[in-house]
Structure formats: structure tokens, C-alpha cells
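Per-chain residue numbering starts at 1, and chain names A, B, C and D are given in the order in which the chains are listed.
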């Protein structure tokens, strides 16, 4: 059950509400976000929803039987639009392409990519300064110094930054430079990280776990929301399967379902999904036609020379063709 | 290695070729289809391909290192177009929608569906008269009597029939009535059935196994081709995964890859894929944008009353909207 | 619902029973096996089981809500013992090792293996004369001629034969030579083959599908049983997963659960399970401790020279050590 | 490549070694643990291993081509034994049962469990004070206060504590109370957490990811080792699969392979594996026969009343029977 509270609910009204919920043996969690106040009630007993809905200080009340509540479509009118600043937003009709390299490598590389994005009217640049690597002996990213020069340049170009945060202790240092915090697949159920990102007023791009269920992804988003941050994008990036002809099974079924179950924007990541350069673009378009609110793609000036394995990375001319096709496909999607 | 032979290769030329292949220790399989004569050579030794290619009676010779050979793009110029008769064809630019119920139930139902297809200019009707069922106590289809009345009506409407064959002994009885033999996911590696369908001059729609790999699907097609039948369509119908929010993981990655690896047409089946009525249409369109040559979809006059579980079945008005959107999406695909 | 009928139920008693079941809207399937007569009732309405149980000609009646009925533990007192003849049996306390090569290759090979089995007091020899192969260009087995010389020798040694049948049309020719028909993983839902094996009075070893569920395996067994053959062994042989460090995920969880859910004997196949020679024996023992009624293992005089890929095949001395350890582990299992 | 260094390697010897590795273009990572000094070299060029092995200050040098190095069997003579203090150890022949509730609930509960463990001569108690939960609205554990009263009692009973740490910031506060830090399946690739646990001189029980590969588990262990901590136990706890008859597919294949590939002790967790109370014990025994060095099992005075879902939890009498059977099975394992 989600109870939307009035912003200025009085103490006495709040006390009466608490009493009413105790009476029906519901445990409650209070949620305050950038945009609203909510009371989440969890319990099993049957009751007349109006007896609570009619209490003072309550804007609205909704039954939500799913394990996820605030991220569900069951209570919110319309879809969520996330404001990234400077007139850039995503969700509820607004579509964004996010592109850039796997890893931030040098100021020169950053400028080259920003130039490419600017020419193609792309508003968000992706890139990693903290890289999750299976092996401890692999390159793990440039860290804050890399983020600093990236930020300086990106700001000059008027382009937003999305980059992965891997642990709670990085949040504070990254905060001034980051426009969207990305949570990687391996951290999709790092609940402490999700809690802390819920306390920050910055958008979060939350990737589905390596073999995460749709339900787990929505509950992971619920962690962020219930800690106070409504600015969440869900990201399908491929699931692990037995098939070895590609990297991951990009699961467009999930995009379709997430768009139905949640009001949050959904981004599709074909680069880490299918993971094979020559197939990335088709999967991106398929993601758009299933209703994604954005595409995040790996682009590098010279994919073969990328720090990280560039097998899924497009070069500029491949990327430019993809951008054009994304726009055409998005246009069709809106007309269907 | 695939050696394309001249149709009229002389005995002596053939003998010389055999000798040359024995000399390099290659085992060979002769393949004669509706359209050509081939010699498949399997071996490991290194040799100069021209020494064999220049022999008499040989049209062309190609190295193919994949486990599948004749179904590969590595030897054939262009894509395969399969003629279904009466000007209907699929593949190499020709696109078909195939629609109809899970099970053939009655002559009345058949007529209703044919009427609906005719109105929407659909050329192929799907339907089952032999149904693979997990439980022996479930309805297993009307069999040949159902096929007979279906055929009579379909012929009157000028609409082609695609239906599942479950075992070798059914082929002969079904042959006069069927335009496309469908091989179901559970029979995807029923090698004896594939062998026998290779000896028939009728198109075959071959579904990927329940958790079949892309490679296994192509090798299953190779069984049919190498027995003499080039008229094969590959069908992606969803794979089994841990996700329970939908029925199967419709794997559009596979569509993209099959189109690249094979010259055969690829059909996408969103009904058995995602398996949830309200999500079927979006997945169908995503299949089209990844390059599928056709869509096969479940449609029933009253899905709720279908013999078989109709949870993934569209009613007529849903289907009509889907057909229109498929055509728009296909048009976009061709322009990209 | 399973109704066990008296062997000599009168026509009038049978008619009364049919009437009673029609009255509660249950559809029925009559089953006659080597050992008994059953009526399977499928329906949804509530009724007092005694009103039917008390009718004339009924031995017993049981509610079974699972999709599988006759193979369930819910109606049968005790476990099933399958008589293989000559005092050899499996299930309900009787344990068997089945060993032999992947493929029958030659009379010499057969004699060598039989000699080895005899020395180790193994009563059942495995081997393939029809081999399911992903590629049409691979060796597909010696067929009936191979089976003939194998049978002649096996009979001389007093050792039973278990071998795979791949299609309905092979059953008749194989029947005189085979002691146990094996249904391979790829045919686990080849329902026509299961139907026909239900009409034969020979034991069937039924393998779980490549990614078959436990429930599907039990329903596949139900096909055989409900066609008249109670002599079924269930076989766990590994499921397909994302893990590539071994061949298949031998699922011993399934052994434990199958032993609980069904009265049928359960055999474990570590060779096709983990599929790596040096790991096969440990997995075999683990299967025994989870309660398996038998182990089926690949053994070859010279594994490196086996026709089929011998990567999972033990040589004689490895196998002998395994047999001893199996017996010790089985002994422990019985004492626990 | 792993180079074992002398403890007292001189600066000049170290400089010469660095030079030699630079010459063959190997990048190096220095590792200092509780027990030794190592240099890990990563590179591709061919070289004569003796030219480096013969340098001053080097104890031994080993080629290790796997992605994991220090945790591999390829360099270490014998298996690792981890000392837990007070004569309790695990690995290299030493076997431990770890038992206790999912969640620490109260001092009373803790005393009850400790009493039960003492009676059964179990040396390690498991229990959670930080619980990873899919939903933010679920109970998340008693935290440090719970750990404090648990520690006080456990110390009195002379029983060791194993409990899950979920984030870097918890390590310091937990350190005085914990004998073994457990890393849960969801944190199996939380690389920052692994790094930090590598800097602590406390044993770590590292669980395989929800669908982690064997290789990823070993590389995760490499993170801990290469940061300085050799005291690592690997834990198989079931992988995610399509099968829904149980909770997770406890993968005993992995136990067998981990024991072969790594010198680290391997623990099997049947409670989170198969996850069904009546099947837990059999899977535990199967784990022992595949060579596990320990079993971790959920036990609770009244499973039905456990805070956390107690579906996989044994009561005391079930647990006592399991302990006895584990000892018998372990004894057999050692005799095989």
C-alpha cells in the first residue's frame, strides 16, 4: 500500500494515520523524496481502503500488491520524466542517446568524443573511470583525476556525464562531476550502495543484474526511491544464458515489461548486451521499437585501440549511422 | 568444404574428384537437392583449394569451417527465397505474416480465421492438428481429419497452410494438405524427422530448440538441406531462462545473428516467445527491425475460448493493429 | 485422481463408475499396464472421494493434484522394482551399475567390454548403435548389424543391454535384442516415441531433457506409463547452464527430488553430466549418496581411440576403482 | 606467472628482477600476505623461465596461464589449511561443520543454538546480522548490537563466528567480533569489498555469485589474496537456473572442480542451495563426497518461527542426524 501524504501534514494527522495503520497491523516506512512524501504500508489483513484514504493529510492511497511499490505504475499518473538540467531530460516522451567509450583514457580522447557527440547533437556522454574487472590484475580506471578533466571538457561542450559508481565511499568525491550515477550489473543488488544513492539528488542509471530478474531490478530501484531519490532510470544490458554466439542475451522482453510495470524511464544497452560490434546497431533499434526511452552505446575514436576490450565498440561513422537510424525508429515508434 | 558440382558432371570427372579428396584424406557426403548438387568434404589436412577447384565438373568450391555448411552464407551468393506457390514467397526481400490459432478446432473456426486473414491480405495460416503436450492427458489435436477440412477451406481462400509435423510416420499423410511443415521446438534435434523432411520437396519451418543454441539450429537445418531439401526457414521462438515474468526469453539477438550467418529466411514467433498477450505485438515489431523475414503469430476469434491456453493469443482487432504496424516497421527496416 | 481397478471389474461396475465420473464432470483415461488397470480422472469440481471409492470393482482411489499421476509416490505403496530377468533388477533397494562405451564399434570391442564387466560383476552394458549427432556429417552408429553382434556376445556373457532408440520405426527391429530401451535427452519430449514405448513390455531408461524440468521428466514418464508400460527408469544426465568449466550441470538436486516425488528408480549419468573424465567418478558417488538406484557410466578399452569423443570416458582401471567406490558409497547410503 | 620471493629479498636483487621483467615486457603486481611475498607477472612474450628463476632473492617461479594465479593449484605444494584459532582449522584435511540460524534474533536464540552446537561438538556458528534483502521493506538484521551479544556468548562457549559483511564501511566495526567474514552471493563481484577484505588478517568465506562462473569465483578470491589475505574459503551455494522445483541448483560439479583447480578449502551450502528443508541433508552429504572441506547449514530452534523465511532451515533433531551422517560420509570419503 502506498499512501501519498500532503506536504504539510500536521503532527496530529500523522499520528492518527499511524494509529489507523497499527490497528490493521501494517508496518510502515516513511519516504521523503525530492518530490513528495509517502507512507509505505506492508501487511496482510483485509481492510476498507477508504477508511484510511479519507483521513486528514492524505492526498491519495493505492493498493500495490507487488514487492516493489513506489516504482510501480499502479499509483502514479503518467510516466516519470527526469530532468538532467539545461533542457535535457529523459522519460515520459523524452528520448536520449548516451554514447562514449568504455573507459576514460585521456583528455585528448575525451575531447575527440565530445566533438563527435556535439556534431551529432548527443547530450549525454558515457565513460568509465572506475571499472569493475573480473581480474585484479586488469586496468581499473583513472579514478577521480580522470573524472576531473572529463568534467572540465564536458561542461565546456554542454554535455552531461554518466559514469559508474562502484562503492559508497566514491559517491561524495564523484558528486560534483557526475550528472548521472550508473550502477553496474554486478552492483545491482549492492543494497548499501543503492541506499546511499537514494540520499543524493542526482539521477541514477540502474543496470539489471548479470542474471537479475525483472522483479529484482524493480526492487533494487525501490531501494533508491524509498531512500529519497525518485530520479531513476532502469537499464536492460543483457542477461547471462547458455548461448555462446554472443556476449549476453539482450532481453528486449524485459524492456517491454519494465515499460508496462514501472513509470521509470528504461534505457537499453546493446553494447554490453549482444556485445558484438556488427550486431550492436540492430539490437539498439529493436530496443527503441520496444519502447525504450534511451540507448546507451559504446563509441570510441579507434575501437581497436581502446583500453578495454573494444569488441562491442562502434567507431564514429558506425555510430553516426546508428544515431540517424535510432531517430527514424523512434519517430516510427511514436507514430504506431 | 562445399564443392558445387555441375548438374551433368561425368562419371570420370566425379571419379577424379573422389580420388583428389581421398588423397587429402577428406571424407565426403554427396548432396542432391531440388536446386543443385554438392559434395561436402570434411577433413583436417591443409591443401591448395585451387587444385580441386580446377578439376572438371566443378562449378565452385568454398572453405566453410563452421559445423554447418550448406546453410551458411559463406558459399551462397545472395539470400534464399522460398517459393510457396501462387506468387507467395519468403526470404531474400520477401516478407510474410503467418497467423492463426494454436489448435485447429472446427470448420467454423477455420473459416472465421481465413476470412480474417483474407481481409488483411495475409497469405499463410498457422494452426496445429498435432499438438505436443507435456501431459498425456491433454488434448492432442484433431489430426488428419482436422487437416482435411482446413485444407479444403484454405484452398478456397487461396491461403497457404503451415502446421506442425511431430513424427516421421505423419509426413506422408500430411503431405497433400500442407504448404509448410513446421518442426516444433521439442523436435528441433529429432534427427530422423529432419532427415525425412529433407527428402520431401516442401518448405520446412524449423524452430529453435527449447534451449537450443544458434549453432545447433543451423546444424539441424543442415540435416534437412543435406538430405535434399533447400527450402528451410529458421524460427526464433524464445529460449528457456530463469526469468519468470514471461514465458520464454524471445531472443532477438539470435535473429540478428542467424541473418548474418545463414542465407535462409528467419521467422520470429513472439507468441511462443514472450507468451503474454499484451506484450506480443511489441516483440513482433522488434523482430521485424532486427531483420526477420516473417512473423508467425497466434490469432483466435475468441482467445479466452481457445482449446489451448490462449494467454499469448491476439483477438482480431489486436491482430489487425499488429499487421499494420508490422508493415510500417518492415518499410522502415528496408529504408534504413 | 487415480482409480485402481480390480483386474476383473465387471461391465456393469465399469459403467456405474463412468457414470459417477461424468456426474462430477471428470474426463477419464483408461490405462492397462503389465501390472494393473487404472482410471485417470482429470477435473476440477469438488467431490467426496469415498462416494466413488466405495463403488464396486475399485481397489483404491487417490487424489493426485500434480500434472503427473501414475508415476507419483502419492498413490503407490513402496517403490518400483523393475525386473530385468535372470535375477537382475533395479529400484526399491536393488542397485545396478550400467557401463560401456558411447558407441558400439566392433565385435572385438564388445567382447573386451563384456569381459571387463563380467570380471567386475556388472550386469548391464550400455552402448549406442544409433547416435544422435548435432552434425549430419558425423558417425551415426552401426545400427541393427551392430546390435546383432552385440546381442549375441552379451547373451553369451549373461549381461543385459541398454541402448538408445531414436524413433518409433526402430522399436520393432530393436525389440529382440534390447533389454532396456534408452530415450535420449533430445527425445525426452518426443511424445510419439514415448507413446510407442508405452506399448512395449520392455524397461525404458528415460533421460531428462537438455534443459528439461523435473516436472517435464515426470510427465514424459507418465506418457509411457499411461500407454501401458510401468517399467520406467528416470535418468538425470545434466542440464544446460551458462557454466563452461564442464559439459553439463549434473543436477543432483533433481535426483533427490525425483526419489521423493516418484516411485520409479532413478539412474545418474555422470559421464554426460559433468563430462570430464577426471571428475566423472566423484559425481557418480555423489549421485549414489543422494539416493540414485543406479549409475550409468562410459567405459572404453582405450578412451582416446573411441569413435565418439571420449573426453568423458573412463578406462578399465579407472572404472574398476569407481565400481568399488560405488559399492562402498551405496553401502553407506543404506546405513544412513 | 607467479614469482615467490624470499622474505628478505635485498633492494638490489628486487631491482634486478624488475629489470628482467621489464625486459620481457611483463607488467607486475607485488603481493605481500600474512605468509609470503609474491610477484605476479602478466605478459605475452615467450621467455626461458629459468633466466628469471635463477635470479637472487627468488624462492620459486611458476607459469600460471589461468586468469587466477595465487589461488591456483599450479604453484602451491599441498592444500591450504586455515587456522581459526583454538585448534580449529579448515582445509588440507581439516573438516568443519558451520551451523546456525539465517538471522541473529535474540540473545536467547543465540544461547539456544550455541548449546545445541556445543552438544554436537560443532566449532563454528553461522548467523546474519546484516541481511541482504531484495525488498527495502524487509528486516535487514540487528547489526552491530546483535553481533555484540552474539560474540559475548559465543566466546563463552568457545565457538567461532561466521557472519556476512555487506560493505567496506562495516569491516572495521565487525572486526573484533568476527572469526570468519562471509561475502554473500550478491557481493561476489563487489571488488572494493574484496580488496578491503584482502587487507584484513581474518578468514573470508567467499560465496559464488548468483550465476557466477567457477572462473569468476576464483578470480574474486584472487582479489582477496592479491591484497594480502591468503585465508580464503570458497563456497558453493547454488546457481540460478530455469528449474523451479527447488530454490537454486546446488552445483556439486563446481565443488569437484574447485577442489582440483584451487588449493583453497571449499565449503558447501545446501541450505541456500536446494533450499528445501527435507532435501537439504542429502545434498549436504553429496557435497561431502565430492570433497568439500566443510558444510554450512541453517539450523534454528523453531524453523517455522524464524525471522527470515525458514523453508530451508533444519530443526535441532534434523540437524543432529545430519551431523552424524556428515561424519560418516566424511570418513568414507577419506577412505576412498
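Please note the rule applied: contacts are C-beta pairs under 8 Å (C-beta built on N, C-alpha and C of every residue); 3 or more make two chains touch, one makes a residue touch a chain.
Just so it is clear, the model here is predicted, and its values are computed rather than measured.
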Joint neighbours of subunit C and subunit B, given as chain labels: A, D
Contact-richer chain pair [B-D vs A-B]: A-B
Mean-CA-position distance for subunit D and subunit B (Å): 49
Subunit A and subunit B, separation of their C-alpha mean positions in angstrom: 38
Residue numbers of subunit A (touch at least two other chains): 211, 215, 240-242, 244
Footprint of subunit C on subunit D - complex, ascending: 211, 213-215, 239, 241-246, 249-254, 256-257, 260, 273-274, 278-279, 282-283, 285-291, 325, 328-329, 332, 335-336
In the complex, subunit D residues that touch subunit B: 211, 240-242, 244
Contact set on subunit B toward subunit C in their complex: 27, 29, 40, 42, 67-69, 132-137, 140, 166-169, 186-187, 189-193, 195, 209-211, 215-216, 219, 222-223, 226-227, 240
